[in-house]
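Heads up, there are several structures right after this.
Heads up, the next two complexes both have chain A, just with different partners, chain B and then chain C.
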Partner chain A sequence: MSLVTKAPPAAGSAPAGARGGHQKGDRRRRALGKNPIGLLLSAPYLIFVLAVFAWPLVFAVWMSFHEYFFAAPGAQVDRPFVGFDNFREVLGDPDVIRSFGNVGIFLIINVPLTVVLSLVLASALNKAVRFRTFLRVGYFVPYITASVAVVGVWLFLFSGAGLVNQILGPLAPEPSWLINSQWAMPTIALFVTWKQLGFFILLYLAALQNVSQELYEAAATDGAGKVQSFFSVTIPGVRPATVLVLLLSTVTGANLFTEPYLLTGGGGPNGASTSPVLLMYQRGIEQGSPDVAAAIGVLLVIGVLIIAFIQRQVAGGDES
Partner chain B sequence: MSPRKSTSKIEGGQLDRGQHILRGIVLFLGALVFLFPFYYMIIGSLQKSPDPTVAGAFPNPANLTLDNYTAINSRVDLVQGLINSGIFTGGVIIGTVVFGVLVGYALAQLQWRGRGVTFALALLVQVVPFQLLMIPLYVLIARDYGLADNYLGMILPFAINSTAVIIFRQYFLQVPRELFDAARIDGAGELVLLWKIALPLVRPALLTVILLTFIGPWNEFLWPFLITKEASMQPLAVSLANYISTVAASAANPFGAVLAGACVLAGPAVLLFILFQKHFVATNIGSGVKG
Partner chain C sequence: MYTTPTIRRALAATAASAAVVLALGACSSGGGGGGADSRGDITIWLSNNETEIAWGTQMFEAWNAENPDEQITSQEIPAGSSSEEVIGAAITAGNAPCLIFNTAPVAVPQFEKQGGLVDLSSFEGGEQYIEDRTGDAAEQYQNADGEYFQMPWKSNPVMIFYNKDMFTAAGLDAENPSLATYDEFLATARTLVASGVAPNAILPAPTSEFFQSWFDFSPLYAAETGGDQLVEDGEATFNDEDGLAVAEFWATLYDEGLSGKETYQGDSFADGEAAMSIVGPWAVSVYQDAVNWGAVPVPTSEGTPAAETYTFSDAKNVGLFSACENQGTAWDVLKFATSEEQDGQLLELTGQMPLRDDLTTVYPEYFAANPAYEQFGDQAARTVEVPNVANSVAVWQAFRDAYSKSVIFGEGDIQTSLDDAAAEIDALVADE
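Right after this comes the complex of A and B.
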């Protein structure tokens, strides 16, 4: 940082006219920073973030408090403020309550499984010497492949007469996995865990590089075994990554759409695997009530924020 | 004390080797389990009639055919789907590389008002669930701007990948600032600096960013599904999903046709990943998300 203050004034950053008046340049520097061109270079990105994230976010909240419906572009229509009516409608809807419950089931299975498997696999991969390329490809390929593509295989594997049931024989659930109201959601949770694990392994692999080797040596001289040092050195060492993995896997769960839409034919059987985002699509776009869909979305964000806050409290934040 | 310690060390050594081999076997078997659905996808796409028995998991020359690929191609225009996916993905990659380099450079090497806020936004945006914005984005892009069934409408919400912005920033941070200061004294403008000095230095980051950005739009389903109703505009992921959810039941060998389509959709991404997997480095992605 000291380098920055000592650096000579950038010739390219200030227009030629400003070079004469030293005081004028100073004032400009205070207002816009030393290299105001930085703002210019970032402008397209800032406009993008405002247009695609910030404004739609505000719009979604606005929509959830108004009676909003699709109208022809340019048509002047009255969209009255309705207070909490949309929220009341959503909370009184058993389908919506059920979809939130389904996501709860999903998260209870998916999040712990993801954290444990990705941490264990990452620390094993970190030490592996042979077949590194094969192992990397093996664990990461599901993550880089389209859900739509691998859904096809899972439909085949988990169908009534599919390979999984053939292997299980009499142990196979009846009716089969994806059309069984008990098993539909857990199967989806398993699918998503398998699909996303590679990404979380990558996060942990990066975090493991920051765990000091000396701590392992110190643990070893204290007589700690492999398992002990995993618990006393590795787990505390990657805590910031764990907070991130918890957060991102929760967000992934809240975003669930493609899997129930395709794997269980639109949230079946009888809504046992409907997700809130699937309902947002059905209510908002298929049935033309974007205001109700926006209300579901706002509730979902609040839910994610609450869960993220609890996770942060439990898992601990950054070192601070 | 010390003799006991040395014996435990020897034991530890033997234990080490045993654990080492065990770890290797577990990792190897785990990877096979992870890869099996892909193997099964290829086998299934080549079967004349779907064989879900255990024996069906092994290739049987009597039951092999390429008919499923022609079957899916007659229902879903695979080439048009691939072209649409390619335009969608290409647009996102161009937007991300061009504008991402500019922001990444500004964030790493320039001092300006709003830099901290911009960086915080780039981090924040990555945890905003896109699905929650889908209703307002649909209203804005499809209804208000009339960009339904349009490549621009497809690309817009993904136009600049924020993870890529942060990776570019990370790379530009590694370029010594003195290099730029020296060039500035020589009177070079910021854009010249960016083009002549910064860009050649971050060339390795380009491939990582392109690979990382590729998988987003190529695999994206929900947004193009919302915004394209015309079959000729749909990316392959959307047309294949429509086939799975509606028409699959009426085909002679639905699984075979679905799996053939799945192979075509998965192929380019998997191939790119295997070819360039060294560039898909843990530290890059990690720094991308952690900042």
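Right after this comes the complex of A and C.
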């Protein structure tokens, strides 16, 4: 480590010009900090966040309070402020209400299943000696494979004459999974859980490396078995990762789009798997009502923030 | 205390970044187009269909050879989940080309509302040219004010394709199939499925996309009513006796398991998953080596004669976009591309039907040499288009949702479902 020191200028000895230079330098330092290069290096990401997340969010909120549609440059378009009209329309639309209910069912199944399975499998993988790399890759492959590709496999598995129904025989639901109002959303939740699992297992594997081995040894000394160690050492030890997994799976789950779009043919059967984001696509892009779509989006963001807050309060412990 | 400088630095960085973002945004905004008389080079977009690219290529090469100062540059419509979304985005960005030879009529009201299209009636002789070429059918492509924001270009009138080998294997007459009335069609469908030649008699996509009703309900409704649109004079028409008859016909097919409710991944007709399909003339070249096929008009309750049967057009038109700098040239190219000679080339190269009055008498040699297309050429004279109304896509989505619920999945009363959809659609059409 090197230390650069600079002798302070003698009082009253600096020329006026130099004093002006120092004042400019001070102002610049106050504005840009001691390491302006840091600002330069962080600027690309900051620009990315502003352009791709912050600006669209602000614009969406603005749209949701106006009568808005996409128009050609130069077109004379009136976009009056309409107050809460778009929100009233959205909240009075049974399709929208149902889509929020659908995504609620999805989250109730997907989020707990994701947390439990990824933690259990990560703990097992952490202990596994043989085939560890193979298993890690095996769990991660669905995550990095395009949804469009794996949807084809699931359509084959869960169609009426598919493999799952052939195994279940008379126990198979009628109508089959993806065209059954009761089973369509749970099947999608299962699909997404399976597909995302690899990523969450990785998060837990990283967190497990920080749980001290001494804690396990101490627990064993106190007579704790493997199950008790899991509950008393592992789960508290990975609590920050659990909060992260909860948040991420909730946020990605609330943004559900590809699966109902492809797996159940546009939110079928009869709207049983329509998600709010799928409706936003239909209303905003297909039907040319981005103002209504923005109102759905704003409600979705508010809902996700509330859920995330509750999760952090409940699961965060000292971390919150 | 370090909070203030930190905030100040954050603000400075944010302001700088915002300036860059706004500057980039400013760079991307495009300007408006030129006037109706301006001339020069233009760009056109074509569908990515191989045969249409072949037609488009010979068309612009012929134009370019004769017009060195007004050259056409062509490209395929950029990839996207649908052409309409790409075109809508291009209008908003101000970088739409002059002409797009794949503009769906259902999207035209929205493009017009966006200010993205030029009124073709505003060109000298524009309205006359369109009506002389397309005849009475042109009226379906006018907006409520009688203006043409699209050039009717080509149709793919849909008919029932059937697999002759499957019909023969099921003990049915493959040359004169019994498919004219609903009762005949249902009896034939039951025989096909019961004999085990195919798991489905017919398998239109049972999914919820707004456009799927163009290939199940719409053709049969057009036939049953003798040419009515889904919406006429600002009001939904389909919740009448004819609409109910069509809906109940399809509901019977689904209820008896003659049509599947699950999406088939692939071409169900080519793969032998269904013995029949509802398709346009494009299917002739697609199935010519794959299936021993025959074609008949869509059924009606009473068995309308083929020469009087209407169907859905499945048309694609040409839009002239307001971002075009040289609209005078674009209009001339549009007339050149829809001339009798170029329409003949379109027929020859793609097998799709130019939206031209008396098609079979204008190109008798083509239909004599290609008898497989003759039925479609004749059918092209009796097609029904999607209504040119406000909120057109939302209208079709509302209909599809109701149809999906009561007809495909058998939930609730069909008449009530059609009535509810009609009320919703009336409100959408009235909401300009």
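Simple rule for what comes next: the second predicted complex is superposed on the first by the 284 of 320 C-alpha atoms of A that agree within 3 Å, B and C clash if a C-alpha of one lies under 4 Å from a C-alpha of the other, contacts with A are read in each partner's own complex, and residues count from 1 in each chain.
Here is the rule we go by: contacts are C-beta pairs under 8 Å (C-beta built on N, C-alpha and C of every residue); 3 or more make two chains touch, one makes a residue touch a chain.
The structure displayed is predicted, hence computed values, not measured ones.
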Combined model on chain A where chain B meets chain C, clash or fit: clash
Chain B versus chain C as contact partner of A:Phe140, first or second or both or neither: first
Which of chain B and chain C A:Thr258 touches, first, second, both or neither: first
First, second, both or neither for A:Ile285, with chain B first and chain C second: both
Partner contacting more residues of chain A (chain B vs chain C): B
Which superposed partner A:Leu39 touches (first chain B, second chain C, both, neither): both
Partner chain(s) touched by A:Val148 [first = chain B, second = chain C, both, neither]: first
Touched partner set for A:Ser159, first chain B, second chain C, both or neither: both
Contacts of A:Glu217 with chain B and chain C, given as first, second, both or neither: neither
223-231, 259-267 or 277-285: stretch of chain B that collides with chain C: 223-231
Interface residues of chain A shared between complexes with chain B and chain C: 31-33, 39, 42, 46, 55, 70, 73, 152, 155-156, 159, 265-266, 285
Touching residues (chain side chain A, partner chain C) in the complex: 30-33, 39, 42-43, 46-47, 50-51, 55, 69-77, 95, 152, 155-156, 159-160, 175-176, 178-179, 181, 265-271, 282-283, 285-289
Residues on chain A engaged by chain B in the complex (per definition of touch): 3-4, 7-8, 10-13, 31-39, 41-42, 44-46, 48-49, 52-53, 55-57, 59-60, 63, 70, 73, 121, 124-125, 127-128, 130-131, 133-157, 159, 161-163, 166-167, 194, 197, 199, 202-203, 205-207, 209, 223, 226, 240-241, 244, 247-248, 251, 254-255, 257-258, 261-262, 265-266, 277, 280-281, 284-285, 290, 293-294, 297, 300-301, 304
Complex interface listing, chain C residues touching chain A: 5-6, 8-9, 12-14, 16-18, 20-21, 24, 29-32, 84-85, 88, 91-94, 96, 110, 113-116, 205-210, 260-263, 265, 322-323, 391, 393-394, 397, 401, 404-405, 408-409, 411
Touch list for chain B against partner chain A, complex: 8, 15, 19, 23-24, 26-28, 30-32, 34-35, 37-38, 40-41, 44, 50, 52-54, 56-57, 99-100, 102-103, 105-107, 110-115, 118, 121-122, 125, 127-140, 143-144, 146, 156-157, 159-160, 162, 165, 177-178, 181, 184-185, 187-190, 192-194, 215, 218-219, 221-222, 226, 237-238, 240-241, 244-245, 255, 258-259, 261-263, 265-266, 269-270, 273-274, 277, 280, 282-283, 285-287, 289-290
